[in-house]
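Have a look at these structures, which come just after this line.
One chain, chain A, links the two complexes that follow: it is found with chain B in the first and with chain C in the second.
For the complex of A and B:
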């Protein structure tokens, strides 16, 4: 479970002062097991429900107010809601046009929606290849959904790994920041397949409470 | 960094010719390659027109000398033919003598064979060999095999209609960063029911000849084609005293954060891509002598791209521009490299190719494409490839490094 103790927090802070060139995790969030956490603190919980019901209730609770949400597939809903929670928290608005790169990853790619699409064309008598479903048969469409809402014209990538891969992700993001390709990075893991889901997103910035490295990421994940 | 990357070879096969010379002849003679479809049995055959390459698959296999057991999809064969021409023009005899890579773009890959034999696969094993040829990467591997590239960087890019422009851009970056000494870059896409039906569903296929930038445009014609360029490092060009066809001076890729498939009405993505490319080339917009537009003749693209021209160049300063899609159809993942070849030909011949089929100016702005063949001194040409989802790319070619 995501959680940061006060002692570790202050320890990290001291390290920040020593290593000004490092990057930091500004804030992070989790969506898993019918709960939403922001910086380790629970912000919403909906005990026993399936993903669709849960994510809809989370959307309502968080007062997201973005009707396009309802057209999205499950992966996009999960990624969008987690990103929206973080970006709202960071007071990001489309008007500011910030240079925030988006680097996401997962294991199941868009399989959840691929299967749904496959079912819609499998039955010869009930054949309906919906363009509305088809557009979501790529994992990085969820990056598009976040970009559209926040007007992010920035660098973006979606990686598919067997497991959460903080080594690769942190290298990639540090590189984007060091080469000034982006001022901040919205990074993390968004995975959903057959009702199993988990989102862990974080914002990497020049300053923040937690040092951006693989140990911290593993811990937070 | 504004030093251009040398282009030392190019090859092409399209609906208007099987090599560079034939394509050039068609371009200057206003000969379009758009017709009714003959090689694919589709229920839409009377409702669409396409840019088809004359050769049958059997003829292509013959050209490449493939054994009867081969499992090349049409995309791979078209790609291999164009890539071989490019390597021959660059006078490369031992492809593995230097670090030589291949970046190939495609959107359909081996879908042509999959849709032909899909139901057959379950029943019998005659055509099962094509299952392995389905994915986009396989066509790239086949092209690498045909070129004899061993143990080097071979990769595939699939970003819809900006794919080949992005493979040219990646190739240039691989040379700039010193990862490769030379790289063959481009794209290939054959026609397939998959693309015909997909674009039909989007209701953007014209039932007649496509008319880029015309007020009454009815949509695009799909086309099949392949084109490749050879990019070489400065060191190799100097050492081999090689003839340089032109230089890739700038490139830019952007997204427009607007919609999963459509481009933003105001051309945000195209504007960003052109601005980035101009910045990398380190030149002023006024230095662009000609724009080879993406100009697909869909309502959405031509409006969005035209508005982007105005944003980048100013309403009264848009350079001469034309779309060559009326000749070839929209060749999807190959379009960026097809039009790179046409841009280089334009530079070599100081000629602007006409935007065929244009009659009526669009009401949204005062832009008129170049509709007649025009000879003028060209030093710098800009080419756009604007993809689905606002994945937009711009390449800038110039005579001088």
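For the complex of A and C:
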């Protein structure tokens, strides 16, 4: 069929055969090893420092201006900053009321904060559990923090895997989009345990520069 | 009483992670919740734990907290009267 472009042919074929529509990675970001990257380009780096110092200086550098950030646990700080960078890049605002689902995953769950909380209750002679720490002893609280800032009342899930699982995540997100449960999905991996951390978040949309599939996700991760 | 007020401001900034705030920015009569410092319900629980841990005060009736935590001034007055540490 020389008179039909490959893209057009693929589109017509999908429509005729009722195949699932393709989705795309519109933008992505990484936070790891004291650096922040947006779409593969470095936006912040802070030499050698611990996570707390690094994430605080990244917050200031990115002019995040959200005082509640300082009350969050480390997992929420990591997820929030990565999500905020992406959503601001996509010009998302709380006023827009967009239907953006949030699907996050990691390996360590909220273990980093669970340990901190456990330390506060292990001595029965000095038993003063902190409510402010306790509320973060679930991994999906970080989704709540993102949703609160952007007023997202959307579908959300947090999965625990041994490793980044693009097969499961891409199926799940495609399903959300295919069934119109969401217009876009903010998805990815956000993991922290002690000083080991990594965030890789991306936005899946109907259009974008990178096809949303497991190969591309593995490569980007 | 002046010392308690300063001490309370320092403790609140540290324990409630009000990173962008200094003691000079908290007036004795500023409301701690709502329009003042903007503390929330979890912060209120932290303040109850702080009263117990640092001043030996156990609040039997949580409703008491509403009056006690109105401002630094009301907190300092309550601690001066009821504090055991």
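Keep in mind that, in the parts below, the second predicted complex is superposed on the first by the 201 of 221 C-alpha atoms of A that agree within 3 Å, B and C clash if a C-alpha of one lies under 4 Å from a C-alpha of the other, contacts with A are read in each partner's own complex, and residues count from 1 in each chain.
One rule holds for everything that comes next: a contact is a pair of C-beta atoms (placed from the backbone, for glycine too) under 8 Å apart; a residue touches a chain by one contact, two chains touch by 3 or more.
Owing to the predicted nature of the structure, the values given are computational and were not obtained by experimental measurement.
When the two complexes are overlaid on their common chain A, residue A:156 makes contact with chain B while staying clear of chain C. Looking at the shared chain after the overlay, A:135 reaches both chain B and chain C.
Once chain A of one complex is fitted onto chain A of the other, the partner contacts of A:148 are limited to chain B, with no touch recorded for chain C.
In the superposed model, A:67 lies in contact with chain C only, and not with chain B. Overlaid on A, the two complexes show chain B and chain C touching the same residues of chain A, namely 129, 131, 135. Chain contact summary for the complex, chain A toward chain C: residues 56, 67, 70-71, 128-132, 135.
Within the complex formed with chain A, the residues of chain B that make contact are 201-202, 254-261, 268, 272, 389. Considering their complex, residues 129, 131, 135, 141, 144, 147-148, 150-153, 156 of chain A touch chain B. Every residue of chain C that touches chain A in the complex is listed here, in rising order: 16-20, 38, 42-43, 45-46, 49, 52-53.
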